[in-house]
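Report on the structure given below.
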Amino acid sequence: MIILFTDFGMCDPYVGQIKARLAEYAPAQTVVDLLHEVPDYNSHAGAHLLAAFAAGFQPGSVFLAVVDPGVGTPRDGVVVMAGGRWYVGPDNGLLSLVAARNTDTRLWRITWLPDDLSRTFHGRDVFAVIAAEIARGEFPESKLSQIDKLEVEFDAGELSRVIYIDHFGNAWVGVRNVPKDAQVSAAGKLFKYSESFGFVGKGEGFWFNNSVGLLELAVNRGNAAISFGLKVGDVVQVKDSTTTFH
Amino acid sequence: MIILFTDFGMCDPYVGQIKARLAEYAPAQTVVDLLHEVPDYNSHAGAHLLAAFAAGFQPGSVFLAVVDPGVGTPRDGVVVMAGGRWYVGPDNGLLSLVAARNTDTRLWRITWLPDDLSRTFHGRDVFAVIAAEIARGEFPESKLSQIDKLEVEFDAGELSRVIYIDHFGNAWVGVRNVPKDAQVSAAGKLFKYSESFGFVGKGEGFWFNNSVGLLELAVNRGNAAISFGLKVGDVVQVKDSTTTFH
Amino acid sequence: MIILFTDFGMCDPYVGQIKARLAEYAPAQTVVDLLHEVPDYNSHAGAHLLAAFAAGFQPGSVFLAVVDPGVGTPRDGVVVMAGGRWYVGPDNGLLSLVAARNTDTRLWRITWLPDDLSRTFHGRDVFAVIAAEIARGEFPESKLSQIDKLEVEFDAGELSRVIYIDHFGNAWVGVRNVPKDAQVSAAGKLFKYSESFGFVGKGEGFWFNNSVGLLELAVNRGNAAISFGLKVGDVVQVKDSTTTFH
């Protein structure tokens, strides 16, 4: 399975071009759109999101992960094997959390470029081809060079900021598995804990550990982002008996 | 074929997680995104939309239908067989119209929960698994218990309100097969009938019976929702020689 | 492979209905969503976009191309074979650029209509069926009549206007392969040339030849459409040593 994770936009003509390339190079593979609305150009938020999603996909899955504002500049492309899963994308930190949070991690730099390379769409021209070859079980050794370390590495701990806002207005935060008795506040407001939406009043705000293990701020049948003025990058304070993130 | 019908949003990372689960449990099945923009939390509008779409899909199709603001509370999950098609989703009225409008209807409560159940994403953890098993022809009897009646049932007649607005600004109404000589008004305005867009002037409003048999308000090359201030839930008045809906 | 290119909207329930039809008539074919956000009703912009994308798809590909504000009126449906690729859609100019820009072009009018034809969704009822038959290698001769000329033909040269704006705010222009030393201006501003985003300052505007060969106006890590007030239809001035488009 090839999983797409990008900031290319679900509605723009970029994803379709990638899928046409994948269909050419790996016709038998299932391709799944996980997310094409990673906050634009934000490889930091993307890295935390990708690391949270990864565990939900089977070992052997290949992630084509592209948030790449440096496309066309001398930044490298890389392949990461971590937790039994494969990741292909730019070396700008996006893949650094999945690399750091696993113990079986192996890294390769992509040394190959196609003859008809565009300057602005390596997701289609380079990363899709490499991902397709890995997915179909033909590891492209001749196009890669093993490396010891990524060029760009983000802190692999928690990121106590809003990293994604969904269409319901729910705000995802880059902090994992928060204890129920923690104090969570954002936008000057203390949020209460609830296991799910239907246990708080209509229009009431709360926090919960979401279905991929991240802290999430929400409003039952309402829009937390609008109600509390939350946006990607906002700091969220999380205090429990042992730790404070802020 | 598995058909997805939800309010999860086309652009958020929920649909991709469901598709990964379906690919694992029913790898040979075609999966079609019918609609992921059912008005948020609105199982009533969703029920009328789903019932209108159903006839366009072949018998044996399996609908994974999830508009589920009560996820994580004690509401049940159900399987409905109606009109030769299968439906899997929450027992909150969403499936009650397809159930009521067919004569071959059979109903089951889902008694199974997976070990790694999340509190907020039963679409992925429960409904996708059941839908996959039905689609691949292995009816999961041991995970179900036959029932006589759904817990939540909506009125199975017409719903004379706006139930969906598309990106053109066209407003769908939950009333079927309206005679051409009916009087249709909304937002204080009487709409004229036209068979299609190109038969009225540019910028002119009209109503028609749309491609799934529902009343639709539109503007030729314009945006009816903006022009007339229409939104989901607005009442539409429909009077013909035999009936008045309002 | 069947490639979808429409203004039906990625988030509305139209594309799913088309895919269900394709799955019925051409179950073994890969279907790729290239673009469902062609500017609404704008077959002129659509024609230039489609012609730019075509070369990136393999010969034998079948494009289902529908921007069809005249649906239900007497406008014809057509099949175009051009550059070794197939196109199915309305005869309103949308397919006229791919037809004019190739030398192997052949044209057919669609003479068949299904019994259960809707008045407003020929994309599903007519064009999808024809595209499916071509894709599965059974050319539907009995449903077609060869013609010499399309009813509606746009100028096959450059279109020096904004024809698409993506979610980053990048503005695509219908002019191909512009020399680096050309003078490009829009919204009263002269844009500088850059090969890609990362070579100009953060927030700085520039133009480049994009990954399908069209002129594109962008801002590094910013939104060109918002920064410069660009919208679809805006004139862009392009002057090089040999030609002026304006």
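Read from first to last, the chains carry the letters A, B and C; within each, the first residue is number 1.
Please note the rule applied: a residue touches a chain if its C-beta (ideal position, glycine included) is under 8 Å from a C-beta of that chain, and two chains touch if they have at least 3 such contacts.
Here the structure is a predicted model, which is why all the values come from computation and not from measurement.
A.B. asks: Draw the chains as dots and join the ones that touch; what shape do you get: line, ring, star, complete or other?
C.D. replies: Shape of the chain contacts: complete, all pairs touching.
A.B. asks: Which is it for copies chain A and chain B: same residues on both faces, with over half shared, or different residues?
C.D. replies: different
A.B. asks: Distance between chain A and chain B based on Cα centroids, please, to the nearest Å.
C.D. replies: Taking the average C-alpha coordinate of chain A and of chain B, the gap between them is 31 Å.
A.B. asks: Identify all positions of chain B at which a residue touches two or more other chains, and write them in rising order.
C.D. replies: 10-11 - these are the residues of chain B that touch more than one other chain.
A.B. asks: If you look only at chain B, which of its residues touch chain A in the complex?
C.D. replies: Within the complex, chain B touches chain A at residues 9-17, 19-20, 23-24, 27, 40-41, 69-73, 75, 118-121, 124-125.
A.B. asks: Touching chain C in the complex: which residues of chain B?
C.D. replies: Residues 1, 3-4, 10-11, 30, 32-37, 49, 53, 56-58, 164, 166-168, 195-199, 208, 210-211, 220-221 of chain B touch chain C in their complex.
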